[in-house]
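Naming follows writing order (A, B, C, D and E), and every chain is counted from residue 1.
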Amino acid sequence: MTLIDNAVYVDGVRVPDPHTLDETYSLMHERGGMAWIGLYRPDAGEIHSIETEFGLHHLAVEDALTGHQRAKLERYGDTLFVVLRPARYLDAEERVEFGEVHVFIGPSFVVTVRHAEKPDLGAVRHRLEGNPELLKLGPEAVLYAIVDEVVDEYGPVVAGLQNDIDEIEKQLFGGDPDVSRRIYDLIGEVMDFQRAAHPLAAMLEALLRGAEKYHVDLEVQRGLRDVLDHALSLAGHADAFRATLQNALTVHSTLTTQQQNDEMRRISEANLTLAEDTRKLAEASIAQGDQVKKISSWAAIIFAPSLIAGIYGMNFDYMPELHWVFGYPMAIGGMVVLAGALYTVFRRNHWL
Amino acid sequence: MTLIDNAVYVDGVRVPDPHTLDETYSLMHERGGMAWIGLYRPDAGEIHSIETEFGLHHLAVEDALTGHQRAKLERYGDTLFVVLRPARYLDAEERVEFGEVHVFIGPSFVVTVRHAEKPDLGAVRHRLEGNPELLKLGPEAVLYAIVDEVVDEYGPVVAGLQNDIDEIEKQLFGGDPDVSRRIYDLIGEVMDFQRAAHPLAAMLEALLRGAEKYHVDLEVQRGLRDVLDHALSLAGHADAFRATLQNALTVHSTLTTQQQNDEMRRISEANLTLAEDTRKLAEASIAQGDQVKKISSWAAIIFAPSLIAGIYGMNFDYMPELHWVFGYPMAIGGMVVLAGALYTVFRRNHWL
Amino acid sequence: MTLIDNAVYVDGVRVPDPHTLDETYSLMHERGGMAWIGLYRPDAGEIHSIETEFGLHHLAVEDALTGHQRAKLERYGDTLFVVLRPARYLDAEERVEFGEVHVFIGPSFVVTVRHAEKPDLGAVRHRLEGNPELLKLGPEAVLYAIVDEVVDEYGPVVAGLQNDIDEIEKQLFGGDPDVSRRIYDLIGEVMDFQRAAHPLAAMLEALLRGAEKYHVDLEVQRGLRDVLDHALSLAGHADAFRATLQNALTVHSTLTTQQQNDEMRRISEANLTLAEDTRKLAEASIAQGDQVKKISSWAAIIFAPSLIAGIYGMNFDYMPELHWVFGYPMAIGGMVVLAGALYTVFRRNHWL
Amino acid sequence: MTLIDNAVYVDGVRVPDPHTLDETYSLMHERGGMAWIGLYRPDAGEIHSIETEFGLHHLAVEDALTGHQRAKLERYGDTLFVVLRPARYLDAEERVEFGEVHVFIGPSFVVTVRHAEKPDLGAVRHRLEGNPELLKLGPEAVLYAIVDEVVDEYGPVVAGLQNDIDEIEKQLFGGDPDVSRRIYDLIGEVMDFQRAAHPLAAMLEALLRGAEKYHVDLEVQRGLRDVLDHALSLAGHADAFRATLQNALTVHSTLTTQQQNDEMRRISEANLTLAEDTRKLAEASIAQGDQVKKISSWAAIIFAPSLIAGIYGMNFDYMPELHWVFGYPMAIGGMVVLAGALYTVFRRNHWL
Amino acid sequence: MTLIDNAVYVDGVRVPDPHTLDETYSLMHERGGMAWIGLYRPDAGEIHSIETEFGLHHLAVEDALTGHQRAKLERYGDTLFVVLRPARYLDAEERVEFGEVHVFIGPSFVVTVRHAEKPDLGAVRHRLEGNPELLKLGPEAVLYAIVDEVVDEYGPVVAGLQNDIDEIEKQLFGGDPDVSRRIYDLIGEVMDFQRAAHPLAAMLEALLRGAEKYHVDLEVQRGLRDVLDHALSLAGHADAFRATLQNALTVHSTLTTQQQNDEMRRISEANLTLAEDTRKLAEASIAQGDQVKKISSWAAIIFAPSLIAGIYGMNFDYMPELHWVFGYPMAIGGMVVLAGALYTVFRRNHWL
């Protein structure tokens, strides 16, 4: 059953509850009171009796059944059709969840059609029943009380968004690279909230502009103006959130480049060390090459005479030089000449 | 033949179809009914009889023949000329395709000129013929039904765009580098859609502002307001899409820089490894150079005495030292002195 | 001579051309017709007779002589002063070139002052002379025809800009780094065009707002509304071009960073190869160093005994060890001990 | 006690101070004067007597007790409820601190409710008591004086922000990488200030628009216009600060990339040096390799004949070659042939 | 003395100059003329006599003494108080310097208070004295002439800004990295100019709106409209400059990244060369290592037999092998076996 509550109020006081809608209608007519019927996701059949009794316009009823409407206000003769978009903040998902409530305001009736858990219309009814002076002002006072509840419920949404923005700022300047996704997603939520809050404020302004013409009670007007003031304040916060998050996106881009600079500085340091080490290595290698040349040269200079010594150390019987008187000095001389010749050649080739 | 449908309605009910346009005109006059003539891409000749009969203004007819108009509303005396821009979403190409339909509304006639497949005016006519109460309200009721159809057809366009934006967000945070082209192109489509939806809403607002003055039936006014509400809601979505896609562009730029940071970190790691390996190489090379020097030095120290031994191992007959009593110790001493001298030299040169 | 054309029209028909401006004035008065005088860049002297005859205001004349005005509309008594900014697109230079035309509209005269080749006022006059019904409506019909021509000439400008934007998009996604200059310059041109098209539309709106008050003929009003519609459409395109080009600038920045990522990936690959090759080099170098140590060690182990053999191969007469019975085994033993000692030392130093 | 000051003024002159609020009320009625009651953070109980006496509206009182309101202006019958947001700049923290003051203006009373140290209402009262001509104009003159004080106190805020922006510009172009956080935070503060200054100006404009209707004294109107002028001037500065800081954010991003370019140029230089050194190293290494081959080859060519010499230096009794007449030339020939063969082989292998 | 000029005009003609302000007042009253008093930075004392004589409002006088006002227009009874912000362009510093001039316009007087060198009020007075027809129209004609001068002086400012923007574009696309500071600073100047030009245009619009109500002469109205037109044109230029410079900032950021790409390409080339050289070096080094192994191996193979030859070349008396018949072949065999064994070992270790 989608009928949540169903009451008649006379002079702001609830009379004993009717058992059926038809009883409501007759009670309302007999006692000259105001009916307030609360529905939850009704279907076309369920709303039909109400539509007929109160002469609701079929386009408004269609909207109320279909849902997915913007916050808006439409007059059909002396009936007012209002769409409200309550919201709550799901902090774990960082998502603004929107509900939808439709309100029909006639000269002597209020019909509320709720599509989500929010707003808490039971609480609104309860508060109003505790304030007969206000309730006596009729259906528009009920509208005021509902809109007030919807806007009051926007408060925690704004607080939740502010809180997440504060966290984001910490993340942002703490160097977390994943913050861009969070910022991007939160901008989406803030934009959704802006698209709810601004039309609501515009709707309240339209309602207040028409208040004189439609003889809305002065106290109800003042109440609506108070709600409008609250809505404008919250919308102003949302606008600021949007701008702040856009800046956070820009700053994040710069900080990302700065992290790059740090990384690049590390590379730069490594490259300078590398270049220095490579230079040392090249120098060592070239010096080593020089030494290899020097050593080999000296080895040749020393070794070549050894060959002469080896030759004259051979034991052949017939080696005439061995018997020459000047054989020995000649051999030593040969050694010196050979070493000198090599030394000269190596000097010329810059091996020494 | 561009004449799609041609009917006369009396009190909201279709009378037996006339065979020619001339029959339509006389039927309309005799029975006091409303003519509804539907054309598809007519040329100047084909529209001439209608233009004359209904006194259509030549500038409006020129627009209807030329096409490429913005959504707009123009009054010529008691004739209303309306241009509508129907749209459909070609999901495969991610493109919004726009059509164009022109509607002439006179006191007792409706002429529709269609330039594309959309909107489905046959369906509109069919629905209206099933609702004589509405049709009875005359030509402006037909206009309302057509505009309603056009705006209803915008719904899938918005849904298609939303769907592609969701895909883009997955691509974006999944690191696909080609997403910027998709974002850029989709912004173009969203902009095209905005340029269709906003003038349509403005046109409906203008129509409603003039409704009292031009005695538009109250129910038609309410219908138009309902359509306007729908159009504003869709235009609001398009505006949000635009902002979201612009942010996606910004975020993509940041994410691209972040990918660069990752790449840079890889380079940085490689460079540090490289620098470390080069340092090791340089150390090894320098150590190796030292060893080469040491080895060569010791080789020289050992080899030089060998030369003396080689010399005194020669077999010359006349080698006086061989016969000296202290020849042998002298040779050994010479070897030690030579080795010691080399050792001293090498120590001084830091080769040892 | 700056007088381009000079005619009097009676009931929409051109009467035989006067020879001088004075003839024009008297003809106009005698026949009760409308004078249309066309000037090209006149100087103060040349405009003086017209200024006096028609009572043109000196501030308007000053504007017409000086040029460099915005599109605007000013009333001086029953004279209207209109400044128009015709444009054409120089595709080779990708530049929008603006002209300027001033129009004075009095109860029975039109004076046009042209400062550039565009708009083609000769063609306008020719078309109007072929349409006496329109021309009969008087000076404001001439104004309408001129403004229509100016706005029609904006069409090719928009087409040319669209064409260049299409080319730019190809360049952009084709990776051309020079596209930013082209985008930047084209934004400048689009801005110039916006600054011409928007004031023109505003001027037409002002003209239409005052149309009732100043008794502008209904058909002329409709014509002006048609031109306004065209101007708004073109201005809408220009606005979209601007937004598109701004996005192209943003996308270009992202694509440039992406090119950087590709380049960085190339560096990254090169660096990894380099690091791998350096590691191999270091390993080879270190292994080589080890071998050098081993080889040198073994060379020393083998060579040291050679020195002993060399010593005992010397031929001194007095070498007591040679005559010892155990000289030979002792020498071999000495060799083995020397080699073993070296081996032990090298092992300890980890050279072996 | 939250009652800060409590006085009655007759013809602009303060009469002897009443001791209690009740005395104030009677004094006010007897003497036909104006009461001015100043409160500091009252609670509901404390404000109750005032609420009753002056008929303050409960919604306004609720706002005054709760705080956290936007600057606003509400009329409740002949009472005006004004919320003001004074501000001061905490330079050390670079933060704009906002206070809140609520003012109730009735025909013969002023009630001020202050929630922060600012604005200095004591000073306002003191200045006004020194200007009885102004004070005589009644409660709205007091409102003017308070708003004037609030706006005057905005002056140092704007000056402080300007000063920090100047510092930021120095930091920005001095290359400080931390400036982005400072810019980001200061934008937040400027936005807060904009959200205070713009509503205040709007409120003053609303007040002035209603001035004729509500018979506000002409001099008070002029004073309010003067304050409005000041407020607009300050709001204009804040708007410019916002735009300037946004540009600073953009410029900072570019400068960060430029620093990267510099770093990259350093890397580039290091890499070129490195490549050059590596090339030298490679050349030296290859040249060294060639020399090692050459040296080894020559060593083999020289050493191989030594082996033959060694063999024929052995002292075996039975070595037939030693006794051959051509043994010696044969050995020398063998040496030459061996060396020649090795030379040929090495040449072929390109070791020489 | 701050009194710059002090004259009385009767029917647009200057009468003999009064010597004191008191003479001016009486002259003005006697002759029914208009006084025009020009002051330069007066102090409170100096302005007092004028304030009293003409009944200037103290708030306006306060503004005129304090300065630092926005361009604005305030009516005090039949006196008009106008603040104007003249400007000139200091091209060397690329700075727009603003002056301030205050004008009091009464039924028969003009008081000008100048705070800077600009505007050249002497020239204005001189031109007006040459045009008695205009001057005869009274104080508002003087106001028109002054505003005209102020706006005419804005022309060179716009030209100077345009010129610097042209230079900046050259710098930008010429690759100058310092252009961002110049752009940033010039945006600041353009913003300052916008904040002067837009309020001035708004002020002129307000003046023209009130022109009928306050009986401003038609010719003066036309003159003011001409000035407004000029002001709007200049403000339009300034707005375009702002947008152009913002784009230049964006383009600069992209070009900076492009320069980075070029630098990166240089690094990339260097790295590829480096990697190639390192690969060559590694190959050379490894090849060299192989050769070292080969050479050492062959050295060992040749050297080891030498040791045997050395041993049997020793001259010990008691070496039994020397006397064996097969001693010599055995030694040669030992050499061959030793060399063969080493060869086998080295092959197995892949040193050969």
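Everything below uses one rule, namely that a residue touches a chain if its C-beta (ideal position, glycine included) is under 8 Å from a C-beta of that chain, and two chains touch if they have at least 3 such contacts.
It should be emphasised that the depicted structure is a prediction, and the values quoted were computed from it without experimental measurement.
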item: Other chains in touch with both chain D and chain E; value: none
item: Inter-chain centre distance, chain C versus chain D - centres from mean C-alpha coordinates, in Å; value: 33
item: Inter-chain centre distance, chain C versus chain E - centres from mean C-alpha coordinates, in Å; value: 21
item: Chain E, residues touching no fewer than two other chains; value: 250, 253, 257, 260, 264, 267, 271, 274, 278, 281, 285, 288, 292, 299, 303, 306, 310, 313-315, 319
item: Touch-based graph of the chains, sorted into line, ring, star, complete or other; value: ring
item: Traversal of the chain ring from chain A via chain D; value: A, D, E, C, B
item: Sites on chain E touched by chain D in the complex; value: 57, 59, 63, 69-70, 72, 74, 76, 177, 180-181, 183-184, 187-188, 191-192, 195, 246, 249-250, 252-253, 256-257, 259-260, 263-264, 266-267, 270-271, 273-274, 277-278, 280-281, 284-285, 287-288, 291-292, 295, 298-299, 302-303, 305-306, 309-310, 312-315, 319, 321-328, 331-332, 335
item: Chain E residues touching chain C - in the complex, by the definition given at the top; value: 173, 222-223, 225-226, 229, 232-233, 236, 240, 243-244, 247-248, 250-251, 253-255, 257-258, 260-261, 264-265, 267-268, 271-272, 274-275, 278-279, 281-282, 285-286, 288-289, 292-293, 296, 299-300, 303-304, 306-307, 310-311, 313-319
